[in-house]
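Take a look at the structure set out below.
Labels for the chains are A, B, C, D and E, by order of writing; each one numbers its residues from 1.
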Amino acid sequence: ACGNSSSGKDVKITILQGKVENNKQFKQIAKDYEKSHPHVKIEVTSIGGGTQYDPVLKTRISSGNAPTIFSLAGPADVQQFKAHEADLSDTKAAKAAQPGTLSAVKTGGKTVGLPFNVEGYGLVYNKQVFQKAGIDPNSLTTMDKLEAAIKQIDAQKSELGIKGVFATPGKEAWVFSDHLANLYIGQDFNGNALKLYKSKKMPFTKANDMKTMIDLEKTYSIQPIMQLDYSAQVNQYFSQGKVAMIQQGDWIYPTIEGIDKDFAKNDVGMIPIPVPGEEGKMPVGTSLYWAVNSKKSTQEQKAAKDFLDWMYTSKEGKKQVVNKLHFVPAYKGYSNFKMSDPLTSAVFEYSQNHKTTGWAFPGYTGTSWDPDVAQPNLQKYLSGKQSWDKTVQNMKDGWAKQQKSSNN
Amino acid sequence: MVKINLDHIYKRYQGNTDYSVSDFNLDIKDGEFIVFVGPSGCGKSTTLRMIAGLEDITKGDFKMDGKVMNKVQPKDRDIAMVFQNYALYPHMTVFDNMAFGLNIRKNDKEDTKKRVDNAAKILGLTPYLKRKPAALSGGQRQRVALGRAIVRDANLFLLDEPLSNLDAKLRVQMRTEIAQLHQRLGRNFIYVTHDQVEAMTMADRIVIMNDGMIQQVGTPAELYSKPENKFVAGFIGSPATNFFDVKIEDGKIVNDGGINIAIPEGQYKVLEQKGYVGKDVIFGIRPEDIHAEEVAIQAFPDAIINAKIQVSELLGAESILYSNLGGTDFIAKVDARDHREPGDNVQMAFEMTKAHYFDKDTEETIL
Amino acid sequence: MKTKGRTIIGIVGLLLGILWLFPFYLIVSNSFKTPKGIFASVLSLPHPSTTDNYVNSFQALHFIASLTNSLIITICSVLVIILASSMAAYALQRNHSKLSSGLLLLFISAMLIPFQSVMIPLTANFGAVHFLNMWGLVIMYLGFDCSLSVFLYQGTLSSIPIAMDESAELEGASRWQIFTKVIFPMLSPITVTVAILNIIAIWNDYLLPSLVLPQAQYTIPLQMFNFFGEYTKQWHLALAGITISIIPVILFYLFAQKWIIKGVTDGAVK
Amino acid sequence: MKNRSLSFWLFLTPTLIALALVVFIPVIEGLFYSFTDWDGLTFTKMVGFQNYITLFHDKAFINAFWFTVGFVIVTVIMLNVIGLGLALLVTQKFKGNNFLRTVFFMPNMIGGLILGFIWQFIFTQGFQALGNALHMHWLLNWLTNETTGFWGLVIVTVWQMSGYIMIIYIAYLQNIPNEIIEAAKIDGASAWQRFTKITFPMIAPAFTVCMFLTLSNGFKIYDQNLSLTNGGPYNSTQMLAMDIVNTAYNSANFSLSEAKAIVFFVIVAAISLLQVAYNRKREADLH
Amino acid sequence: MVKINLDHIYKRYQGNTDYSVSDFNLDIKDGEFIVFVGPSGCGKSTTLRMIAGLEDITKGDFKMDGKVMNKVQPKDRDIAMVFQNYALYPHMTVFDNMAFGLNIRKNDKEDTKKRVDNAAKILGLTPYLKRKPAALSGGQRQRVALGRAIVRDANLFLLDEPLSNLDAKLRVQMRTEIAQLHQRLGRNFIYVTHDQVEAMTMADRIVIMNDGMIQQVGTPAELYSKPENKFVAGFIGSPATNFFDVKIEDGKIVNDGGINIAIPEGQYKVLEQKGYVGKDVIFGIRPEDIHAEEVAIQAFPDAIINAKIQVSELLGAESILYSNLGGTDFIAKVDARDHREPGDNVQMAFEMTKAHYFDKDTEETIL
């Protein structure tokens, strides 16, 4: 309905996005859109696997082959590509975005990104194991209760037919540096990524709380944790019922489903990590944002915005977002939708009930602190090479050092 | 010092349909100097290579001192060899090329140096010891190849045309050196050459081959004076023996081309015995047994022919006269004094006691 | 004793071969497993086995189209590389001067540059002249891969007797004819080697084409990486994909290997 | 060919042009950027040698450098020994030598990234299972610390690259004239002596090439590093190329990354070219 | 058909300190057949290679038809060459090897085939046309190399020992073929050989070289009978000329070794004129000019020597006797009838009219 405004001349928009696992669906959605908007052509490309998204975007931009729509991962990206980001504040989607979801992409009074979706994480658990052990996961609302439950399960591992309480992926440092640390570091910034990004200091006041949690995950995991990676955690252990729970988010659902459909449908659930002071709240946030290339012709930009609006705010678009992409929407107007799986349902539920905390970690994921300081230090701690105090100290110092030399 | 037996040996190269060597049968005595001769491609090198162990023997046994050696590695046969194509090590100096075989055997360094220096002196290679083969002339390379063999003290020496690229003077010199080496070491030598002089002077026995098969084995004198077939007669001696198709009639050989010559009595008797009278045979006479001197003409009055010189070559002491008799070319080697120019008509006499007769079909020697 | 030696060699070879093949066993056996099966036990034989992975991955890879693209790009690039670098190596090897050693060092040093450090300027330059497509990619491969090829050719050229050039030259052949008719055919073992090395590099390359190719020209590896998400790796599809995509290379290799023959220069000079 | 002759240049033109376009011009641009605050898209100012000063204080870079040096030393030796060994093995006459050639080369037919992923399986599952079954402790916990990470990388690299090195050696081995080997046999050289005294000197160019290749590849290795250990744990197995890439893309510090690349290039070039010059001189002495 | 001038040409190879060819000065007339001879390493191949343009000329000019050719590319000189080391294309069949030069010149395919087939027939290579050089015998390879040249119709033919690996019979045959080719085409041929017979029979003029320098240029007969210095006298003829150190006294040559022989009057006059009487000179006499026949002994009564045979070789029609006279070895080539065994004491006569005298210092010919 909106596409027809473009004066009858054909436009082609290109999309480069960082979520490979959804590329196929995006392509289908684009096809549908092309059907109803005959003058628009959409080409969707994604970057996957071993290569990072940023270098490709950069080379595409610098070689004059820039996409019309691209994705941004957080404030650091916003900063890096600021010359190419169009203001999206006047789009329908921006207006419909849920409060808080745009805070990371607001810069100089402009809104330069639209969230893909929201995601949430916590402890994804195996219903059967908990049932057998006689524990109600929803009752684990404090660290003490959680710890007691963990110990109980650990004690009857063999009866429960599991190899460990957790499968803790020591190889995937981001699980700790981003998701876990966010819960504790983020408290100092109210869960606001932008604030964190701009902060010269990292107080890390809740470091001790984090130690308790990380120690639990470390001690009660299948060993050696430093050998476990994401697919060991999710595909090999959790999805095959070999552990009671893992610290992950709703995005793992398709993977579980790929391994065992029935198990995915019936036996998984997610509870928030009982962070002291923020019990019962799930960390929900946005990992990727859409941006529109401001260097493209206005006509092309317009077509791009129209497409995004259509996807997130039209009736057909919404259906696609929920049913095809299995996204938990970051936008208003989805209340009558039902999420398709237990994990997204959990996220959706928590966010509908506003029982959420914010994601502060996008404030550091794009900086070198994450890969150069946080991740190696946490891994050192996990492999027993370094004390917790030293780890925390290094993280704080590293942050201060980085922020001192950066100019934002 | 070994006894060597080649026992009905055959060789067919992969990809060929014919045998390159067939039914090669030869016993070599201790310390013998054997020379292989034969036309290009007759299988001389192939035979050497089988003896060396470089080619598999297709059929038959090769024995050294009675032991079958077919499967023994070349390196364990204790052989020194001069390759027809030299096969120098391009990355080694002349010295190292020659010293290689000794070094491999952990020969005393000093002794090696002495031997190589000595060989280099003999071969005239002393100034080139530090060069790589690529910076040598053809003959120098060949001498290096020869040097590689003569420094060795092997059981058996195989020399494949080792002197072909040397000048006459050097060749004579080398011939002597090789002969001396043979005498000194008392080892078996097998020597391939195309040079008749070399073959005649060096060999204890000559093996003459054609088309992969042995034609005759014998001392040089035997081959020269008692060739077993037309091939041998035609091959040994240079220029080659002249052959005429003739008929034996009335104690004479005759043909349409102007030959009408009396056969010495002894010869005729044998021909008669063997039943060749009245038959066509091949008559052979060597160029050096055709004379043009007055003395000879008078000495052999019933063995005279008349021919017109077609080409003549004066070679210092001798003259080679090319003529034609009734369609058959023939060559006479006469004293330089009797040199004639093309176009001259000359009377020549055949020295019939030296004549040979061959069966027309089998080409075997009759007499 | 000869045969005994061969037996020992054969046994050693067999053992090494098994060691080398083991990862391929993993690839192939897991490609017939269900996703669950893969993670249940990586090392076991597939049971239950399935060929779905092949069907799905064949489709997901747009196999025919991407195979065509891969073939075009690989074949063109390799042909260009072989021709250009053998020519260059010939010029450098047959010329003994400071200049040619200098040029060779230049070629060699080009091999040392980490690709990632030229990636952005390179694509920017090519983009500026609208050459970000297959043909631009072919030129880039020539640039990146010619050094090694020149280096390889240069080394073997030294074993081809200069007498070959001389003899052809006397017969009236031009430099080009000498090269194409006499020298190049004698280089065949190294040409095959150069071809193999470049083919596998180009066939498997991901990063460069990902920067250069428009979607319509996507190659197999580009499609393949759709199986490797940010978090999830669809191993069952990827392994099937790997299996079908290396078959052409293996076939080529088996075919090409025959050309690496012994003694190309035997019988050339005395 | 005379270097003033036209044909000399004509033969060189295609490669020189391609090299210039693809390598040299971009490198010069990169060199320039290393003196700026380039972020991959634009730069605002020249910073002089700032980036170069920074990098020499960059612990990660220094660590990566030494880790890489160790890796290069080990792999260069192993690859050449094993590669040449395999080449000699499969050029022997025995049944199945052709098949083995294919087998040894096959690892190259799979890209480095995927290979790394596959080997993760082997190290974490295969080694673990084997270690438990055989009670061999050293087979356990691979890739969880620097040492096993290092050897893991070495194993994967050797497994993959030795077939590559092998076929280069094969190509050169095939070029040795038969007659010279025959002459050596007659001279009484054993198989080993033929190898050391004849074969090896005759394939000296291959040795130069392979040394260079293994050296430069070792320094430049990236894919396997990324997919096998991703630099972990705690960046202890991060090699130079990865550090450079990460500097650029994870930290968005492109100019520093270019500076690192230049320093890296200079170091590697110095080592490799010295090696080549040395070997070439040796070769020249040989021919 | 070209006139060729080699104008004071020098060649020094890189890395050498000495010149391999020095002051080479030669004019070759239209259609001449020139033969280069000289000891191994004297610079024959080098000279050919400079003429072909394969080696840079260090100093001097090479001209064809008056035009300086030093810088002209080999391919533009229209030359056919047989390389001493063959330089066959290993990847081409025998046919393709021979056809290559014609194909390059875009010669008509059928004509090429005809020519190659014809050459193959002459060379006896017809059965091998489909083979690669590696599967040929040494002599067959050499014939291919020769075939490559003879199919061509070049301006200038350079043949570097093209027959060295062939058997005597084939060699004679090839010699004739080459001579005929030369006659038919009327082109210039430069031919390197170590075979005296080839040199003597084929050459219009022979260039005899030593140590990179020309020793003498002349017709075969001139070189044989009027050598300009001791080197030439010693090089031409096989076995080589015998040299004795003697003193000229009283119309005689004498030395301590037992030589006391009258000098023919005419010769003595010249020696006297040139002031050699009473001086030491080198006396040279060819083996074939030393006689052992009774007739000769009687004919030359004041030129008799007595010697003890050390080695003797019977070569069919002739016998070579090696003796020693007062410390100087000498060789006589006598009729087979006069063959003697080692140890025999023999009277021999020098045919003094054929004698040569050389200055002791310069080694130039006196007479």
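By our rule, a residue touches a chain if its C-beta (ideal position, glycine included) is under 8 Å from a C-beta of that chain, and two chains touch if they have at least 3 such contacts.
Chain-to-protein mapping (UniProt): B, E = sn-glycerol-3-phosphate ABC transporter ATP-binding protein UgpC; C = Carbohydrate ABC transporter permease; D = Sugar ABC transporter permease.
Please read these numbers as outputs of a predicted model, since none were measured by experiment.
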*Chains shared as neighbours by chain A and chain D?*
C
_Pair of chains with maximal C-beta contact number_ = C-D
*Innermost chain by mean C-alpha position*: C
*Taking each chain's centre as the mean position of its Cα atoms, how many Å separate chain A from chain C?*
39
*Taking each chain's centre as the mean of its CA atoms, how far is chain B from chain C in angstrom?*
55
*When the C-alpha atoms of chain D and chain E are each averaged to a single point, how far apart are the two points in Å?*
59
*Could you grab the centroid distance between chain A and chain B? Build each centroid from C-alpha atoms only and quote it in angstrom.*
93
*Would you please write down the residue numbers of chain C that are in contact with two or more other chains?*
116, 120-121, 125, 206, 233, 263-266, 269-270
*asked:* Counting only residues that touch at least two other chains, what does the list for chain D look like?
replied: 40, 113, 177, 179, 202, 245, 248, 287
*For chain E, jot down the residues that touch at least 2 other chains.*
84-85, 135-136, 138
*Can you list the chain A residues touching chain C in their complex?*
18-21, 23-24, 43, 45-51, 55-56, 58-60, 62-65, 230-231, 234-236, 239-240, 251-252, 254-255, 258-260
*Interface residues, chain D side, partner chain C - complex*: 1-3, 5, 7-9, 11-12, 14-16, 18-19, 21-27, 29-30, 33, 40, 86, 89-115, 117-119, 121-122, 125-126, 129, 159, 163-164, 167-168, 170-172, 174-179, 202, 205-206, 208-209, 212-213, 216, 219-220, 222, 240-241, 244-245, 248, 254, 257-258, 261-262, 264-265, 268-269, 272-273, 276-277, 283, 287
*Mind listing the chain B positions that touch chain D in their complex?*
52-54, 73-75, 78-81, 83, 85, 87-91, 100-101, 104-105, 132, 134, 148, 152
_Give the list of chain C residues in touch with chain A in this complex._
35-36, 38-40, 60, 116, 119-121, 123-128, 130, 132, 206-207, 210-211, 215, 225-235
*Please name which positions on chain C make contact with chain E in the complex.*
161, 163-164, 166-174, 177, 181-182, 185-186, 188, 263-270
